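Going in written order, the chains are labelled A, B and C, and every chain counts its residues from 1.
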Amino acid sequence: MIQVVVTQMLNGAIVGALYGIVALGVTLTFCITGVVNFALGAFMVLGAYFTWWCHEVAGIPYIPSVFLAVLAVSVLGYLADAGLFRFTRNHLVNGLLVSIGLISIVEASVLLIWTATPKNLSYVLPGVIRVAGISVSQIKLVISAALVAVVAATYVGLTRTWFGRSAFAYAQNPEAAMLMGVNTARLETMVFVYSTSLAALGGGLYASLYSIEPSLGGFYILKGVEAAILAGVGEVLGSLAGGVILGISENVGSIYLPSALRDAYGLVFLILILLLKPAGLFGGKK
Amino acid sequence: MKTAIFAVALAAAAPAVTHSDSILTICIYAFLMGALAVSFNFIFGLTGQLSLFHAAAFGLSAYVSVLLVTRLHWGFWISLILAVLAAVIVAAAVATLCFRFKLREFYFAIVTMALSEILRLWIQNWYELTNGTLGISFVQKPEIWTPYGYITVSSSTSWYFVSLTILVAVSALCWRLQQSWVGRAFSAIRLNEQLAETMGIDVFAYKFLNFVLGSALAGLVGVFYAFYTGFVEPDYLSVTQSLDIVAMVLLGGVNSVAGPILGAFILTALPHVIDMGAEVRVILYGVVLIVVILALPKGLRSLVGRERHAT
Amino acid sequence: MLLEVRGITKKFGGLTAVSKVSFGVEAGEIVGIFGPNGSGKTTLLNLIMGMAEPTGGDILWKGVSIVGHRPFEIAQHGIAKTFQNPQLFPELSVLDHMKIATHLRLKRKLGAKRILTLSGMRDVVGEFLAAIADVLRLCRLDQYTDRPVSSLSYGAEKMVGVAMALTCDPELLLLDEPTSGLSQEETVNLEDVLRGLGTHGVTMCVIDHRVRFLSRLAPKAIALHHGSLIASGETGAVLRDEGVRSAYLGIHHA
């Protein structure tokens, strides 16, 4: 029994790390542009499919495939920002609607091009590690480590570099930042594009673990938003923690409660947090 | 007003002129979606709350009525009343939750979306009762009493008139409320909630009333929609369905009752007129939504006619 | 006593905006509220209007406590308030604003039965159009009746706020800096309007920085400094008070 719980916890943590990377993108975009960008789900799904295409169809090795996918999606992210989201900076509701519209379009397009049949990557890193009678696949460990590294790097980037600090300052007080010479338009665009790369990375890494299908994006962005709100929008390290908490509670919960309800947990958390502690579990300092 | 009466008369006369089943079918869908869009705009256009719960009310009532008719073999009309009542109760709970906690536009949208999803998942997973994602297919149709005896509403012509009546009834109700002191209170809330409150308007009560009434109307339409198509599935409650409604309303324009109807007509008729796959239709709706938000914030209606203020 | 404020205190976290302020207003009185910026004047009016909840103390309206009542309930009791920065309904015309302001009148006139007015086609606001016209004329806004409020000058916008408050037929009118941002001419205009109201028996509490304007208008006054009441009584005496003078030192507006 313990084994089952621990295995589920580990799986939950890994899935949670994926939630976390999307949550990080959500949180960054929200703090800087004010939009909860549902379109990040679209960029995630594109990241997954581009990685699949590079690896399976073009025969490129895994890591370069991910890299190329992230690059391609970042360009698309830049175009989306320049063409669409630039105009919704001050209208949260409009931005929300546009982003949901975008994810619908992308999902339907992916469905059209590649059909609903799930796609798989041939084994990237087979093999398991056994610890105390519990086996964890190596690829899952590597991916998790990569995700944690990226989140940590983002955190360091935000707190140590000049760019990061101006982003922070801007999130707190846009006018002051502007007066201090921060190029706010460029900042917003860069944060937006960075978020799309994060989502694409999440998608590319996801592809090595599970099979991918077009509805992936919608599913994960919802989880990402839930994790971001759970942690407290604006908490960079917290978003990883929020994702992991969400992932673990879903997986452990489904041992005891009908697994069909698994997706409801996140939604219930979301509602409770927004109603009772809008700053999130880790938020509320400042 | 006069244009409205003219349009209705024209519409009522149409079946005499055309016997094309496909045109009648398009109109039936357009009328029902039009009524749904008008009921959504009653909430969104007046009090300014972006409710992503609308499809949930639509679908919930559909399910309740279908289940009562097919499982318990109750009559259509009693099932309709109970189904709308169900929507009212759930909407009341949602409104109490959201408005007591003073959720602002954006968070309100997210919470209504989450609640809508929870409801959909619950219905989808109650497999024994609802058949899950497969949905329920059924053959029962409503029966209407006329001086000539009971008529079963099954032909395209009879559905045409029923759906037209619903559209006219829902639109008339919403229009009458909009241009009355009630509508003014709603608009005041949308434009400056704090000021409205100091003018003696009980903001919570009016938001609550507005949301529950709008959702009840959505439920009403949902029942007829289900009985027209003979089918109900969990996707009736999906966020995508809510977004379709948003697209229709934004396309047509939020400042009038006619706007949402116009938007509904265009978006409902288009996929029938141009043969496109389900995915292309989704892409179309998404593109329309985005284009309208960015380029035509006041919708098409502002191009066509005089813009009326919301009081 | 119409309005009685007893030891009202308001703290925002560590900051005390209003500290144990007590004063009373009799029916028909005009009370001026003086004090430098940040002395808690606006917060005091917000507390009376129910827009903020006091940390301590009580507010009595006709002998009954109204603390904890929502702003719309306070409006129903007969208190109306204007805002320092004009609060308006964007896109709407002046007349539309006035129509919305008749909400309370309708409620008082018909009560629950006002729902029945929906059964016909008639817009019940027709019964109040004459009263609206009177208020607009009184506030010198009749020329702007159908204009969108966004096209008005700042002074006219503030008058719309006053007009809306008057349309509610209040027993007590709370005015927060009505002359700020107004030209000399608009100030004279406003003074006339308010004086007229005074002679009609409307009770008022008025905050303003224009000392001469307020001392001409209000025979009684209170003075606040750092949230506390430092003087109250006849306006002339309050303005001569040593504490009030030193609080105002260097911030004297004519």
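FYI, a residue touches a chain if its C-beta (ideal position, glycine included) is under 8 Å from a C-beta of that chain, and two chains touch if they have at least 3 such contacts.
From a predicted model like this one, the values you see are computed outputs, not experimental measurements.
> By mean C-alpha coordinates, which chain is most distant from subunit A?
So the chain farthest away from subunit A turns out to be C.
> If I average the C-alpha coordinates per chain and also across every protein chain shown, which chain's average lies closest to the global one?
Central by C-alpha mean position: chain B.
> At what distance in angstrom does the C-alpha mean of subunit B lie from that of subunit A?
About 33 Å separates the centre of subunit A from that of subunit B.
> Whole-Å distance, subunit B centre to subunit C centre, using C-alpha means?
Once rounded, the distance between the two centres reads 42 Å.
> If you average the Cα atoms of subunit A and of subunit C to get two centres, how far apart are those centres in Å?
That gives a centre separation of 51 Å.
> Please list all residues of subunit C that touch 2 or more other chains.
Touching at least two other chains: none.
> Could you list, by residue number, the parts of subunit A that touch subunit B in their complex?
It is residues 36, 84, 87-88, 92-94, 96-98, 100-102, 104-105, 107-109, 111-112, 222, 225, 229, 258, 260-261, 263-264, 267-268, 270-271, 274-275, 278 of subunit A that touch subunit B.
> Please output the residues of subunit B touching subunit C within their complex, sorted ascending.
Listed in rising order, the residues are 176-177, 179-182, 184-185, 187-188, 191-192, 194-203, 309-311.
> Hey, which residues of subunit B end up touching subunit A in the complex?
50, 97, 101, 103, 105-107, 109-111, 114-115, 117-118, 121-122, 124-125, 239-240, 243, 246-247, 250, 277, 279-280, 282-283, 285-287, 289-290, 293-294
> Report the residues of subunit C in contact with subunit B in the complex, numbered from low to high.
Within the complex, subunit C touches subunit B at residues 49, 51, 70-72, 75-76, 80-81, 83, 87-93, 96, 99-104, 106-107, 114, 117-118, 121, 123-125, 164, 168.
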